[in-house]
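The structures come next, written out as structure tokens.
In what comes next, chain A is part of two complexes: it sits with chain B in the first one and with chain C in the second one.
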Partner chain A sequence: MACEMLPIPTASEYTMNSMNSDEILKIEALHVTFSTERGPVRAVNGVSLSLKRGEVLGVVGESGCGKTVTGRSIIRLLSEPQAQTPQGSIVYRPRIGEPVDVLKLEQFGKEMCHLRGKEIAMIFQEPMTSLTPVYTVGKQIMEKILTHADVDKAEARAQALELLKRVGISAPEQRIDEYPHQMSGGMRQRVMIAIALACDPQVLIADEPTTALDVTVQAQILALMRDLKSNMNSSILLITHDLGVIGEMADSVAVMYMGRVVEYADSVTLFTKPRHPYTRGLFRSIPLLTKNETSRLEPIAGTVPEPYAVPSGCPFRTRCPHAMPVCEKHDPPPVVTRDGGTVRCWLYNDTDPEGST
Partner chain B sequence: MKNEVGKPLLELKDLKVWFPIQKGVMRRTVGHVRAVDGINLSLERGETLGIVGESGCGKTTLGRTMVRLIAATEGQILYRKEIDSDPVDLAPLNQRQLRPYRRDIQIIFQDPFSSLNDRLTVERVIAEPLQATGMHNVSDRRARVSELLEAVGLSRQHLDRYPHEFSGGQRQRIAIARALAVKPRLVICDEPVSALDVSVQAQVINLLKDLQEEFGFTYVFVAHDLSVVRHISTRVAVMYLGRIVECADTREIFRNPQHPYTEALLASVPSPDPRDRMDASRLLGGAVPNPAAPPPGCHFSPRCRYATEACHTIDQVLQHRSGGATDHEVACIRHGELSLETSREQSLAMSDELPDDAVRRA
Partner chain C sequence: MREYLIRRLLFLIVVLLGISIISFVVINLPPGDFLTTYITNLEARGIQVDAEIARALRTRYGLDQPLVRRYFTWMGNLLRGDFGESFVYNRPARDVLFARIPMTALLALITLIFELAVAIPIGVYSAVKQYSIGDYIATVFGFIGLAIPNFLLALVLMFFFFHTFGVLPGGLFSPEYRDAAWSFARVMNMFRHLWVPVIVIGTAGTAGTIRVMRAMLLDELGKDYVKTAISKGVPKWKVIFRHPFRVSLNPIISTIGWLLPAIISGEAIVSVVLNLPTTGPVMLEALRSQDMYLAGSFVMMLSVLTVIGTLVSDILLAVIDPRIRYESKA
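Our next item is the complex of A and B:
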């Protein structure tokens, strides 16, 4: 495999050695920088995450927090010159063979193209723009099968039909020859999922899979994804801004703010005992179907700072109700909580930052 | 019943908005999309009426027709400026005749990135409606714009900036200031927060509520997000294929839904509580039918899990719920005999105190 041919840097080696056997994807200290007219923007600034086999890991945060960039880095969709090559390591454990660090692979090399789509697939947000309007949906599903599997056209078409059936499209024999514009938004998203599921990937990255859809259709798609996951034992990295979607789907959750993971916990702990002031603020600001309809929402003060002017120390301190002098000087490192998650906040860290630096 | 006794601000009577479908070189009309198909509704002064439904149900068209951005095909839009004034039907009026009523009914659009003119400064964006309604003194206008900016939580320093310098939430505040500039009585809010981030959504919802309290506006709040609608509305109308299928007080409709479609909508709202996941068996299947060729009988019957033979043939009209204590209208042949699931009670499990492993720092 590729990693044997390339000199292995210590960072990925470290990540690989620390990987448990139930972990299928491990991101360690990921940094992605975009060069813009107004200077470099650190879209992802030291993200570490691990996805276990059969798990749904939710990544939640507001727009611009780096959740989509993290997802796209995994299958190396970001290219120069806008995005510099991601730094850090993203180690993936393939079905056969040794774990590989995808960041060490050639972006359009053979190994990466094998992983992308076949082993790690992605579902995009906009089913309208991510399907091409000039080919039938059948062709688009078959394209992936023909790329990755050693089958003829007839067999690929049979598999495409089977996939359409699996994602709950009625009359697939007829639908397979239709174009995306002949379908509703929910139906197109089902086609997207069918494409992602072709070749049975081990990891599914779903980037806001239901954001463009109606609530009723969203509920259908979430139910479908849950069904497919339990039947296939694949893992899902679910990227969303919607805490409701997280609550319905995720086993564990990473909360991102300004390019970093500020809190990570299993979903029940995150809901019942959120620690980071940002997570707490998010939960307070969503309207719920509560008993008391007239209660006032409690928004987080201010807005997300400009990515060019990240505050010193903890990036959330400018909006944080608990900000202390230490927050201005030092960026809090992640600490492990009693519940086994991590949190990056001085409220939960009793070490002396002055002494440690 | 309230709207017989009191005199509502706005009353829709059998309102229809049909869009022609044209085909061929001669642009022959071959059919109609019935976006709004016979709506009766009355708006009381000071209330917030939420309108919910899936995309394509006609809720946006209905909102825009109330402002007369879209002409009504049939029916009446009766507007009563004061409680004791005679109603004026806005539906047949032309642009010139509408002018005196324009300032009374304003609209806030969904996408603050496309609803503000990028070439105008914030001052000019907000001053435009003032100028159009006859405020010609420049310094008066400037004073009024500053006042409005402060009312929506921005400051006079922002007067000379351009919209692109603002974030989504701030742009929506500017759009709100523009709508409020002419002191309207009725404000149509068309998905005003769905393009915004969660933390900013809450800020804008609170702002809309505060402004209503201060100035006594009547709101029509069009949205697809039921939890947002529940939060801001006093009454909710549920739309399906151009018609209202259920309409009642917010409390009532969430606790005691009478239409199977309302039940299905409520069941689809995702809950942030991972211990309470949705019941897949209650979810609505299929998609909204083509509004150009609605199914016979009750329009919802092909997707309804309670549908009987009669539902597929007999068309239902909105009627008062039998035996209901409050003003509750529903368009279902089986209403009253079904026991429908109410909305899930969601609550935050977190306490106001920080978790017990928080470190107390001196």
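Our next item is the complex of A and C:
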């Protein structure tokens, strides 16, 4: 798939200086605020993440924790009236050329349209509605190829056919001329993945790619994504609420709660030694085959607070079994752990927030 | 698809037969017939009509025969292309009808183009820039356009015209061109007159289409597939026109078939007000004077075009929307 590279303009050196060469995407202090009738809602409140080359970074959290909004901010997919333009920085390091802060680009400018799809592709949650109903799937794959690559229609079609084969669609010569409604959900998600893979993007954002599918189809799609990952050395940002999917796919994990990353660790550490009380609560609330059969599932107490009335201090303190007086007054800053992860909880922080310095 | 078409065509014949019976009965429903009206008119002017002559005339036109018999005679002739005689014009009803169809069709077509050319861009703008000042202006215009009866708009425009230019914009031609042979000058003259009826007739349709276009596109703009298209890196306006716009056009394209009957009815009241040489005024007059065969021809033509228009709409929809094509096959 030979898609031509365009030179990417240099952006501010803001986060870039701190960026390691193996980091392909670095999100720093991302804020997204939606204005609603009941007041502003901070959907994303200071998220910092970094995605390394060839890595699968899982982002896990409950509905409404800001994980999808974070994913969409990366390719500027939110409808952006001035009020909800993401703040902070999202720096992408392309194969060739200088790192670029996507939040500094014009939302539908030339550079952003080049990044979108060609460099950073996205797979969505709802395969049933994510394809345009009036075009054949082949045409929809070709549209992306023709947008980014300087090829003629026949070549684009050949590439689309190749992609359909790669994502494991049987009889691709026939399927390429079919319409989305003639396909099952799993098949459509394969087409979505084929679209995402067209033009060999460096970063794949998969937003709940298996949530809307049957369990057996979920397993197939996950297997496909694992295959693709090992074959193409691109990085995947996997957004899900399903810890099982995370355990199966992710190299490292960011746990999100109310618009912020409360814990970040590599996958093994997170599963064996979860630190944040919220992460631990998540693990206690899912069934595990290795667990003693007689142990009961424990839900996390209470419900997620209304986004209009975020608690003072640590947003999790209203549901936290370890809540301390300090949690009410001060929001815990991220603390680097021994395993190289971060956690935002006063349990792991020795500094005195009231301290003079 | 072919089976579906054949089934639809067979069904169409049954529907038309039903319509022909109903319309024939309705046309004959008012007491008396054309001759009664005619004789009353003559008597009002003090001319005595001999009862003998009246009866002879009735026999000649077949008006003395029972309704069922007359229906079958009419239908039989109709199938052979004979629409019957117009009493008022004293000419074959077909000639009366077809003499006015070209102008009516032309007016309908130009009005349609005007409507779509104005309404689609405004509707798209309104949807893409929802709640902008432009959107509000379009919305207000839309509601006003829908609310004003066409004939009232015609009267107001005529008044305005007469007041400022001292000319009446009635008809499609200036007097010197009215009966002239076709020439370049006559065509130009026609276009100078045409814009008044086009605006009058097109306003309501334009306003309605703006609303439909805006609502449909707004609906589609929020759909997931739009996000997919954007995420492919397609530029914004290309995304809008290729994806949500294309989908939202379906209802508009598919209702184009419904405009066929308008070619015959020709906005009857507006045409009377503006004195247009279209079919509308003739149809009204035929119905009023119980000019049975002419009225019947009009009603049948209207029905045929309505039914065909609906069929055309369905076919168009199947052509432009793959989901429908395959559902009808299943």
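Convention: the second predicted complex is superposed on the first by the 335 of 357 C-alpha atoms of A that agree within 3 Å, B and C clash if a C-alpha of one lies under 4 Å from a C-alpha of the other, contacts with A are read in each partner's own complex, and residues count from 1 in each chain.
Everything that follows uses one rule, which is that a contact is a pair of C-beta atoms (placed from the backbone, for glycine too) under 8 Å apart; a residue touches a chain by one contact, two chains touch by 3 or more.
Everything numeric in this text was worked out from a predicted model, so none of it was measured.
Of the two partner chains placed around the shared chain by superposition, chain B is the only one that A:Val268 touches, whereas chain C remains out of contact. After overlaying the two complexes on the shared chain, residue contacts for A:Asn20 are found with neither chain B nor chain C. Looking at the superposition, the partner that touches the larger set of chain A residues, chain B or chain C, turns out to be B.
Once the two complexes are laid over each other on the shared chain, residue contacts for A:Thr36 go to neither chain B nor chain C. When the two complexes are overlaid on their common chain A, residue A:Thr147 makes contact with chain C while staying clear of chain B. When the two complexes are overlaid on their common chain A, residue A:Glu126 makes contact with chain C while staying clear of chain B.
The touching residues of chain A, counted against chain C in their complex, run 72, 75, 77, 108, 113-118, 121-122, 124, 126, 129-134, 140, 143-144, 147-148, 179, 181-182, 192, 195.
On chain B, the positions that touch chain A within their shared complex are 54-55, 167, 169-170, 197-203, 205-206, 209, 224-228, 230-231, 250-251, 254, 264-278, 280, 283-285, 287-288, 343-350, 354-355, 357-359, 361.
By the touch criterion given at the top, residues 62-63, 184-187, 214-220, 222-223, 226, 241-248, 250, 267-268, 271-275, 280-291, 293, 296-300, 303-304, 322, 324, 326, 337-338, 346-350 of chain A touch chain B in their complex. Taken in their complex, chain C has these residues touching chain A: 223-225, 227-236, 242-243, 246-247, 250, 320-323, 326.
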